[in-house]
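Below: a set of structures, written as structure tokens.
First chain A sits with chain B, and in the next complex the same chain sits with chain C.
Now for the complex of A and B:
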């Protein structure tokens, strides 16, 4: 039995006193109450068994005021050519109008801040309504503190051709700070969109990044969602992306983890009607003393769902990867076809992996399977490449590159794929 | 609901066949649990001082512990103050032949279909039959003694081989290990002790039949098997219990110790009363089973067929300490009606080049819940180790649940772990295919299920495999069998 009283509250690590209560007053009030009663997770909680949040609880994080931001910052190198006119930029969690560019989108499409759309019926209907993280402190913290956030609305049967680039950059400030990026996406029937959500740390400083995403897909809506996490290697990143799908909707998400000292990602997809198709893929490349933890839920509540999860991990140095993938199939949710695969590659003697693929099935006519492997590069493969004239070092690099390639190739946007290939090469070629 | 499902469900609704009780008088013993009770228990069993100390220490540890709740099952917690911690048949004769056994008890065995006498003799099986808590019959002792094998009840072992018991008891499952192991260490009634000396192959399969027969008597068996260097043994354990309304607690502890090149194979068939249609009654089976491969090149293999009990929490584990040691776990768990099973294994790799294999098959039907919970841990020094796990679940009907909770961790780059799990059902096409070959629907379903569990049942010793097949038939195929 865990005594609630002996756990500290999030408030002792995070200063929420100056959070802006300008918009969504009732949501902020509600969040404040939850933060007061919900205890901060510790390693004694099953869901946090392998992930120690001491790096947060030993620090103290302050919110950043918009006036402190450097609006003259040059971010050209982070621009995607495909998203030249469909880019939203957030600096330390604040919207930067000067860096953003939204032009020439189809009629009726909204790509803007949430606060500018405070009274939009879909914002009222769905903001903070889709997240279902029980006893969680990080969603309420985001609810309480998010500043502008992204609101994307795609009307019925509209396809946005250019990818929408949500660029979150984090600068070096004098204090350790926290940021709470927020995305609300609503795709109407048979709409189509590609979202590139990126988190980039510009320096090697300490900060706490707590993004929350809510995606609501109506019947037949189609979303490709790439999430690229290149935070500072001193940062802590705790993500809560959730998607809710109606009939015939398709949601494919790909999370690439490269940065952060501690990365905790909890993607969830909820099947809200029969016949949906979704993907919750991940690629984790970590080294040094990085910790990357993914706790995903694929929640099948109705019949005829197809879902797929490929979670690939490469761990070097003393890094530590944790994976817990849950597949739920509710009673009467028949004809579900769900597949989950977790492949871990350990390339140093001090690397560590904990994995727990998990099935919870309450319907009989389903096909659910998972596989998990932990291993290293095959000697035969290394030998084969050496016999072709490559050095052992090069052979190993090439094999790790090939291992990661499968996940990178799922990217729908060319420049993102190229960017990730450069990152993979930088990761594999260490000398 | 499809026709197949209906047919399956009707087969699975099979009543418990072994529900009967035997009238035997029991020695009076006060209910409840405290240090006085433990002293009394130890005194009645004429135990030496160190054993009483072990029990008291365990009891004090237990008192500090909290009943676990992490598993995937809900049930009414046992009232530990209202349990009888000692029960032994009142007449306890020394026996030369089977004729001297209480006829009632013999009748029980016969109803269970246990061929205690000639049949086992022909099959070459020595039987140490445990009726409730005290061993009443031990056969083949002389033949075993010739080979130097010690096979006796735990009470006897404590008296006659104290140095061995003292050395190994609690060495694999420490008293403080968990709530139920601590309770067992404090109050264990009896059980089996087995010692195979150096370079000896046990001349026959050893087997113990457990029976729970006294209302409200918690059964706390304690089994210890030690295989010295180069020794090998195959041990069989089978269980059936009569029908009662009150939930009965069974918290056994089994410890296996394998030294250099030793080989222990431990097989279980568990078919205790699982409660009625409403889930009333039935046994709580909270067992701690663990083996340690202490020596290099040693091997421990667990095989289990779990079909009974209302609630089962059981994780036969292997600690692979010796280099090149091998751990195996083969399991079939069948749950029907309102049964809840949370079972699996732990493979803890500590030594170099250690290997482990896990094959787990779960079948859930009715309103039952079947969980596989396992842990594979490859330590930093366990270089070159390998694990391979498969856990498959089959669901029959729409009101049951199948769960898989495998914990896998690795801390070194030269080892590999492979885990896969699937959930499926008896395919309509499969049934159709067999039926168009002229096989009846019932036989078709039975063939498919037998195929599903084959990988595990083939690991059982021959004598047991027959019984296992029979049991599966009874559980899943209606009155046939």
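Now for the complex of A and C:
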């Protein structure tokens, strides 16, 4: 067992983790070294001002070994009909072959574990190559201890029609545990894929979920990436999804945050050539004492890039949403068109929001719009609906539902939209 | 049907009276018109009657079918059969007309222990009401009033009235913003809805509307009170002489 904040303990954590690991030794060694020198973030760090990690830094989380997994677990209710033969399932961070099903994908496509593809040239070339978050401990933690992982490879000009469902489920164990899901995606030129990455807590227990995603898109590759976070409301989820795009690539991601006691998401998209198009949208629905913190970076390094970020948030009870959206435009990156908006809806008096756009623009011919709104439901709208006979409660519910709907409709997969509609309804009429 | 007695109202938490002792009785089968200068309190009266929480009644009462509704929530008043066609219909992005109307219709049906309609039955019912004001069915699936032209918003209010079939409707300046053809269509619609069992109170600045929908009574509202009541000739008098003249006569 480890306490990740305590040096001594972190070291023993590192030792226990690496004991099980036989793949990617040099990566693990490197990660160990970084963990020894890098401090654990505290509220004194500018980037962590509003988000207190004490709940995890004081907690003990145990690694789970594969033998402890319940292979008989029935997960039928989590299956997506569109992805019935394109599903990878991970239980507490470990690949579960019995629950997964990959059949009938186009020739040359790989949807498998990373460890099964240890010697694949693209794994060698890209694993842990674009995730260079500075001074960070979470990527090294994942580097050190991810098990199996997901490797998706889409060859040149191949389009995968069915969405690929990466289902991470978390079960109730006797102890608080940690999991480090990993995804490496490589899309060759003009390939096309839809990825549904889901995190589901099956019980309301404590665990620490530290997923890392690396998406490498070559020229003209096109990816739609939906991320659905329905972790246990006692869980801590710290996400590092990163994408690197070559010319004409398109990467559209939509993160939906419903669960976790503490959710910290740090999406990054790197424009690695001229003319790319990307989306980093988010929908956050939180209540109770949940904290949802998004720190994103849209990194325009070359000219002619379009980026879009609509981050919609509904906060109830004492919940707290934090948004920090960085847009970087490098000196010679001209003709960038970047849109950022953070819209917050507070539906209780104690709900809290901190929002901060952060633009660092070194080119002169760019268009960057950014805005943030923090509001309550409009009384006139509530009255209008109520005057038609709807109860006040129902009127408020419908208005919250309407606020969230736009994000739900960008999911592109029918059953995922339906799933989210059910979640939105459950959120709005929970009592 | 409706009995407003010595109604005084202020904006919630403020001192200034907007309604200063309104008296008005409306019986079933009747059509009333209220006219009056800008800021005289016509819209406020309609909102207070429909239960807008922004206003507080400080004196007097509102009886509907003999029941005191002065303290009731807006939705409960709607369940009893009150309806307000807004002077400025509110845009509600993300909720379609159809969703609102189905929810409203069924909530009212439930409250009155009437049969609810399932989605298919409701669809048929809704489509059957489109003709009342020659509304295109594409409006059903659009967000409430969102991006509607001024005239379309007003038409949409009357469409909702046709669907919900209220017992008493306040129509607040439904005519303003409508072109000649639309005014005729909407007036025809209102005439089709009006019957011996319901009642309508129209608020307007123009006699033009009263040529299409004939009122049984015309009231003049000034400075938070109804100062004069009569028949249609009162509207004609106002059209000819204006409010100033009337004010002088009253003083």
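As a working rule, the second predicted complex is superposed on the first by the 412 of 431 C-alpha atoms of A that agree within 3 Å, B and C clash if a C-alpha of one lies under 4 Å from a C-alpha of the other, contacts with A are read in each partner's own complex, and residues count from 1 in each chain.
By our rule, a contact is a pair of C-beta atoms (placed from the backbone, for glycine too) under 8 Å apart; a residue touches a chain by one contact, two chains touch by 3 or more.
No experiment lies behind these values; they were computed from the predicted model shown.
Within the superposed three-chain model, A:357 lies in touch with chain B and out of touch with chain C [touch as defined at top]. Residue contacts after overlaying the shared chain place A:204 against neither chain B nor chain C. In the superposition on chain A, contact of A:371 is made with chain B only, not with chain C.
Contacts of A:71 after superposition on the shared chain: neither chain B nor chain C is touched. Of the two partner chains, neither chain B nor chain C is touched by A:429.
Of the two partner chains, chain C is the only one touched by A:381; chain B is not.
Once chain A of one complex is fitted onto chain A of the other, the partner contacts of A:348 are limited to chain B, with no touch recorded for chain C. In the superposition on chain A, no residue of chain A contacts both chain B and chain C. If you check the complex, the residues on chain B that touch chain A are 5, 66, 70, 378, 393, 395-425.
Interface residues of chain A facing chain C in the complex, by the touch rule stated above, are 378-381, 383-392, 394-395, 398-399, 401-403, 405-406. For chain A in complex with chain B, the residues that touch the partner chain are 1, 46, 329, 331-332, 334, 344, 346-349, 351-376. Those residues of chain C that touch chain A in the complex are listed here as 50-54, 73-75, 77-79, 83-84, 86, 89-90, 92-95, 99-101, 103-105, 107-108, 111, 143-144, 160, 164.
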